[in-house]
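Below is one structure, written out as structure tokens; the observations come after it.
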Amino acid sequence: MRRIPAGLVVAAFAAVVIGLLPFTLDGYHEGLAARVAIYFIAILGLNILTGYTGQISIGHGAFMAIGGYTTAVMSHYHHTNLVATLPMAFATAFVCGVVVGIPALRFSGVYLALATFALAVSVPQFALKFSKFLGARNGLQTSQTVTHEWLYIVSWTSAAILFLVAWLLLRGRTGRAFRAVRDSELAAVSTGISLPIYKVLAFGVSAAFAGVAGSLFVLATFGFAQPDEFGVLLSLQILIGAAVAGLGSLWGVLAGAVFIGLLPEISSSAPLVGSSHGQDVVFGLIVVAIMLLLPNGVAGLLLRLSRLRARA
Amino acid sequence: MTALLELEDVHARYGPVKALHGVSLAVGEGEIVAVLGANGAGKTTTLRAISNTVRREGSIRFAGKPLRGGPETAARLGIAHVPDGRGTFAELTVWENLRLGGYTRRGNLKSEFDRVRTYFPWLEDRRDQQAGTLSGGEQQMLALARAFMQRPHLLLLDEPSLGLAPLLVTEVFRIVRELNENEGMTVLVVEQNAHIALQLASTAYVLEVGAVALSGPSGELARHESVRRSYLGY
Amino acid sequence: MVALARKLDLRDRRLGGGVSLPVLAGIVAACVFLVIGCLTSSIFAQQTVAGLSQGVIYSSLALALVLIYRATEVINFAQGEMAMATTYIAYQLTLWGLSYWAAFFLTLAIAFVFGVVVQVTVIRPIQQSVIAVVIVTIGLFLLIDGLVTWKFGADLKFMAAPFGNSVYHVGTVTFARQDLGTLVVTVVSVVLLWLLFQYTKLGLAMRAAALRPAAAALVGVRVRWMLAIGWGLAAVLGAVAGLMTEPTTFLQPTMMQAVLLYAFAAAVLGGLESPVGAVVGGLAIGIFLNLVGQYVGFATSELRLPIAFAVLLGVLLLKPTGLFGRKTARRV
């Protein structure tokens, strides 16, 4: 009998757990679990960009904002079915990602980080600028709100679908092209891979994922799309989540999402670090520790463990 | 008499690729020793092994003591390494390059500058010129001058003739000989130009595929059949 | 005659800090414009001077960023928070009885050590990976922010005003002593740093280590320590920026966040590899933002940050190497 790859086992296990969870959790915790799914999707997206093609982005909060506002606008003004707005957010964010990805071709490394950072700061401001249409500081609300359970089911289903999409995308030629871009641009070009196309594609797909996450995010906050919710901190959190997950591999993404999603909850109940400042300290400390000790994140750890197992 | 520099069974590699397979050589005090060989034979790697800028195993002794630590340590101990590419700071001025050459020396560098001026008088005019704008030959001279500022015990020279017109090559080697004779600087020179290297050096080693194929006094090697055919062209 | 001609040959050489002729011309034109404006309108003059004193703070932090970028090719996202933390340290020192200026200088020393320690412990192990360093500095940002807020609280604190609150009048223009003091202190620190780099052995070694680490090692420079010292000096610059910002923003954990963003814009505008650029960039942004705020209708104070970012994005799109940057050939 052929050996079943460990990843598949883990994925199946996770699927079962996630499927059964709603029956054991109350509303509040369901909402929390749904948030983990949202971060999962966003981190997945960022990983495609930064982990696989090596283009640093500290601006994914902006793409989430775009997706979120798409949902809010479509629902608010056209009363579109909420689930239907998800693909719309995907598409809108994809286009925006491509639009950003084209000029981004000229930057690399630190410059790209700064440019996307500028994006993260500026995009939410647009909501303030077009306040009549986009609801200014108080935000725009969807025409209906959703229950925690609904949110849980839809977020995790989307997460599963998008994970599958990512997996299929990355295992084939596209994935190899992405990795070639990251590892050596020069080598990639000399093997005939068209750099610009793959880099821009990565931006688009990555942004699209973030867009969906943004939509769900809005739905999770009572349907409000507010500029403050999509600030720089969100972009930083996504990046950190991706780092913890382990850039360049899909398997740690769940861990990264759990980290970002649940840490605030856990640390707010811990005694000494109870305040929100304590949260930042723990957050920062863990990020620094992980980059020093586990530079490849949880995925790297899993890889090392599986290697140990193979040797034994 | 213990040699100033002794390499014994030195292996070196770049990542997984092995470049030196047990090289042994010795450089006596005040000598000029040449290391010859074709491209890829491991000549540059040998020098890099000495200044520890490549992964190495084996025994390397300088002035009787094991040579450990990185390139900075080697410099402090009195080894000047002029690498391939000359190690010139192209963005800095000629004068700043010279000052950097004297980095390991204490105190005011006046006497060092004076001595440099006697061997390279034309550098004085070019003090404030950006080193990168010098011609190839001038940069090689600057590299030598920079090494000399250090008043090294041992000079490691990597392919000084590379990219230079024959007249300049003669000039460079003339200066190296002068430095050796007047200042007592021991020299280990790695060269592809076997002809001129054998004229300068007293002893030579021929490397092939990372190991010593031949060694001996330069006069003998110059007459040696295989050396003549492979490296001297006749 | 030939020697003289050679000296005047500008073809091979670039002026001063690598500035090309058009850029220099542009800057001279801008200065002329400013001077004329100051002479004709007192409001213009006031905004310009205020802009200069704010700008010089951005310059200081931008210079710190450039120092680190030149040495290690990374951007320290935590530079602002480190500056903020050192300012709080100064505050604590004054609470313990030290006079302002004693605390000021002691803080600079502490900041230096802080910068070195950060580089050695946290940055050095991971400095090969740009992404890793970006993430670690972001982590440091959060860590420092959290620690300071936890220890001191988020409420406003005040330090004694270093230059007093008096104002000077020149004609119809009012200058605050604080602004002038800020200008002097920051300019002095920048000049001292410049002197260090240009004329001392250590400065030369640091420049060499930043330009060509391999070659520098061969002449005996301890490259790793040069990088650590670079971070130390950058932290000192940050401390100066923080201490000079405090009189305006007062002491709060968020005090340097906006300044950091302006410093990014300034550093990119000037060219991330150029110290001169950082200084000019900072002053330019300071003055530009003030004048735009004064004379352009819809550019209200909330738009200051987006405008600075528009500048940053504009520079990145049009001339990524900045005003004073050079296009370096990529080493394959």
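Just so it is clear, A, B and C label the chains in written order, and each chain counts residues from 1 on its own.
In this text, a residue touches a chain if its C-beta (ideal position, glycine included) is under 8 Å from a C-beta of that chain, and two chains touch if they have at least 3 such contacts.
Quantities reported herein were computed from a predicted structural model and do not represent experimental measurements.
Think of the whole protein's Cα atoms as having one middle point; the chain whose own Cα middle lies nearest to it is C.
For this structure, the chains sharing the highest number of C-beta contacts are A-C.
Mean C-alpha position of subunit B lies 42 Å from that of subunit C.
Remark: subunit A and subunit B have CA centroids separated by 55 Å (rounded to whole angstrom). Once the centre of each chain is set as its mean CA position, subunit A and subunit C turn out to be 33 Å apart. By the touch rule above, subunit B contacts subunit C in their complex via residues 51, 53, 70-72, 75-76, 81, 83, 87-89, 91-92, 96, 99-101, 103-104, 125, 130, 133, 146, 150.
Those residues of subunit C that touch subunit A in the complex are listed here as 69, 73-75, 122, 125-126, 129-132, 134-136, 138-147, 149-150, 154, 261, 264, 268, 272, 302, 305-306, 309-310, 312-313, 316-317, 320, 332.
Here subunit A touches subunit C in the complex through residues 50, 54, 56, 58, 103, 106-107, 109-111, 113-115, 117-118, 121-122, 125, 128, 186, 236, 239-240, 243, 247, 273, 275, 277-288, 291-292, 295, going by the rule given at the top. Touching subunit B in their complex are the following residues of subunit C: 3, 12-13, 201, 204-205, 207-208, 211-212, 214-223.
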